[in-house]
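Please go over the structures that come below.
Note that subunit A is present in both complexes that follow, paired respectively with subunit B and with subunit C.
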Partner chain A sequence: MLVEKDIDSHTKLVTLDTQRLDVLNAGTLKRQIQSLIEETPNRLVMDFHTVNFIDSSGLGVLVGLLKKAGAPDRLVICNLQPPIAEIFGMTNMDRVFSIYPSVDEALAAKAG
Partner chain B sequence: MSVNALAEQTSIKSDIEVLIVEDSVHLRRLMGIWLENLGYKVQLASNGREALEVLARSKISLVISDWMMPGMDGIELCREIRKNPQDHYIYIILMTARSFQADFIEALNAGADDFAPKPLYHDHLVVRLRAACRVIELERGLKAQHDRAKELYQQMENELEAAAKLQIELLPFDRKYGSIDVRSLLVPTSFISGDCQNHFPLPGGRVLAYQADIAGHGIRAALLSVTLQRVLTPSFCCWKNGEVLKAEQIVDRLNDRLLSKTDTPEYFTMFLTIVDPASGHVSYCQAGHPKPVLLHSQGAIEWIGDGGFPVGMLSEADFEEGTCQIAPGDRLMIFSDGVTECPAPSGELLGSHRLTEILNMLSMEKEAIGTNVEVQILEHLKAWHGSDLFPDDVSMLSIYAVKEK
Partner chain C sequence: MLDPLTVCLTVDTRLEETYKVSQWLHTNCAGLSPLILGSMELATVEAVTNIVRHGWQNEAGHEIELTLTRRLNELEVTICDRGKPIPREAFVASQCALDFDPKDVSQLPTGGLGLALMHTVADRLSYESVEGVNILRLFKSV
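Moving on, here comes the complex of A and B:
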């Protein structure tokens, strides 16, 4: 459910290959991202542009992964569709995660 | 290997019942003796039709049939057996003097499992019986496991059903606190629910009412919902001196108490209100829960709240309090996300804009909205979804300021 792309030796871009992040696939995402967090030295950028539905299990897994990553700039999120952005807003997760409007901005933020 | 050694390896198979179908009386009897000596229970038939009668009344696991027979031949018998699947597998060995590829293909297609060449030799047959017994025993083992799994599943389903009943009993009764009428509605998605609601009087005359939605589904979610209901009591909402905490302080206390220590946090969203029946003043804390709606008696619809952290997810979460006022005839409706995220058959979600349309429609019908608005919303939701089996728990809590007559 992930497409990985190495940006440089410290940064990896992962694009979610699913429209829904829910109780059915959240466990798979957790396992895959967890091992990427372990092997990526600095920064994992998650591109959410395909995702148009997230449930409470999906959100819980993301928070668990952020805790695992240890710092907000080690696991960043970009390209949220409006319904997902709304849920991030409703649950204050927009204050917990580093969220960028686009992949470019997420990648540029690292240089800045 | 000697015939006796072979026979020993096949061991006593008295629990495997064999049907021999052979039109030659001589061969039929001879085979019967061979198999009985090997320890099998044996039945005999002289053609396909007779064989079907025996199969209908006995629990045959293995059929050894001649190919060429008057009346119904071996191929047709295979087809008949396969046409009506039994609760166990019937292994079929066809005896034949034929050796053409096309004949074998036809027989396998008809449902035969193996062939025994004619003329028939005792030890050839024994080897084939061993192969047959391996398959029959494997099938029996699998079936026993399957039956056991089914039994366990049934047992779990019964227990879930019992848990669901208990959970429904934990739901608060609709009741009035002075001029405030509190009603709740919960439709669990599958037996047990992760949504919960409660309301109770606080010292000093105010009322605490909340709705929560536990993340995830099933037993873990249900257990956390029961824990929440046990923990959140009037005394939990008070300082030692008896003074009542603010809404956001109660939620903060819950967050400390129920903070998840698991890898993937177990958490819940909630909307908690403290209502003063005397003044209609409401203070609330929105903890990641969908926005509730304030239905004004004059028909205006107002969505309230700016979001907030869910409970149990982060130790550093800070919670905020908001306030609103419900005048006589006004109603505060709290929904779980199972309402706005209820899908139509096309997969499209209801969304808050369509929920607003439904509420608009209901507030037009002035008569109706004064009474059981939550039930009416549920009816609209069923129509939208095309069924009353929702994919997520659907729950609503209505806090209504009764109009003086």
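Moving on, here comes the complex of A and C:
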């Protein structure tokens, strides 16, 4: 469900290999990302470009993972498709998470 | 703007059927704004998920009937089932579930968001339970 890439010793990029993050697979994502949060010392960047549907289970798991990460800049989201960005906006989740338009911008923000 | 149309779909009380519901909406709303379709898809999937998990406690073998009505300026999805109805207090309380402080991570909700999402992404909705049949209507302007 995830494609992982180490950017440097502190940052890992994970691309979601699914079009839907929903009640059927949110639990699997939770387990996989929880492990990565424990392994990654600083920052996890999640690339959502493949995802075109997210439901309350998906959002709930993301919030739970953010709580585990401890701070918004430790679990970063990027590349949201417009319908997904709309859902994040309507639910105020765009104010909860650090969200960037692209992977490059998410990775560059680290230096800033 | 799409031509008026009414289509029906019956699915079983299994979470896997939510994918079928999504496909049905996309097939019958092709050409509609992805933002509007995405909102209606989310509200409808949440409704079906809620029926499966809470109305039937994940017991398969029961029907959920959906009707999509396309009007010139509005979409309506009606969802009927015969499971345990949504308690009125839960339905009302869910309207406030997304009123949180986004900066207070520890207080953010991780569950019970389904009804709240329906209220948020649909323009309006109604719910009634009459003689054992629960009827949820979701509306979205186009």
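The criterion applied here is as follows: the second predicted complex is superposed on the first by the 112 of 112 C-alpha atoms of A that agree within 3 Å, B and C clash if a C-alpha of one lies under 4 Å from a C-alpha of the other, contacts with A are read in each partner's own complex, and residues count from 1 in each chain.
The rule is simple: a contact is a pair of C-beta atoms (placed from the backbone, for glycine too) under 8 Å apart; a residue touches a chain by one contact, two chains touch by 3 or more.
The structure displayed is predicted, hence computed values, not measured ones.
Undergrad: After the match on subunit A, would you call subunit B and subunit C a fit or a clash?
TA: clash
Undergrad: When the two structures are overlaid on chain A, which partner does A:105 contact: first (subunit B), second (subunit C), both, or neither?
TA: neither
Undergrad: Looking at subunit A, which partner touches more of its residues: subunit C or subunit B?
TA: Larger number of subunit A residues touched: C.
Undergrad: For A:89, select first, second, both or neither according to whether it touches subunit B, subunit C, the two together, or no partner.
TA: In the superposition, A:89 touches subunit B alone.
Undergrad: Regarding the shared-chain residue A:59, is it in contact with subunit B (first), subunit C (second), both, or neither?
TA: Both partners, subunit B and subunit C.
Undergrad: Go through the superposed model and pick first if A:72 touches only subunit B, second if only subunit C, both, or neither.
TA: A:72 sits against subunit C, while subunit B stays out of touch.
Undergrad: Per the contact definition in the header, classify A:22: touching subunit B only (first), subunit C only (second), both, or neither.
TA: second
Undergrad: Overlap of the subunit B and subunit C footprints on subunit A, residue-wise?
TA: 23, 53, 55-57, 59-61, 63-64, 67, 83, 90-92, 96
Undergrad: Which residues of subunit B touch subunit A in the complex?
TA: Result: residues 213-217, 262-267, 269, 288-291, 307-310, 313-314, 317, 337, 341, 349, 392 of subunit B touch subunit A.
Undergrad: Looking at the complex, which residues from subunit A come into contact with subunit B?
TA: 23, 26, 30, 53, 55-57, 59-61, 63-64, 67-68, 83, 89-92, 96
Undergrad: Enumerate the contact residues on subunit A facing subunit C in the complex.
TA: For this pair, the touching residues of subunit A are 20, 22-24, 53-57, 59-61, 63-64, 66-67, 70-72, 82-84, 86-87, 90-93, 95-96.
Undergrad: In the complex of these two chains, what residues of subunit C are touching subunit A?
TA: 15-16, 18-19, 22, 34-35, 37-39, 41-42, 45-46, 49, 53, 98, 100, 102-103, 105-106, 108-111, 113-114, 116-117, 120-121
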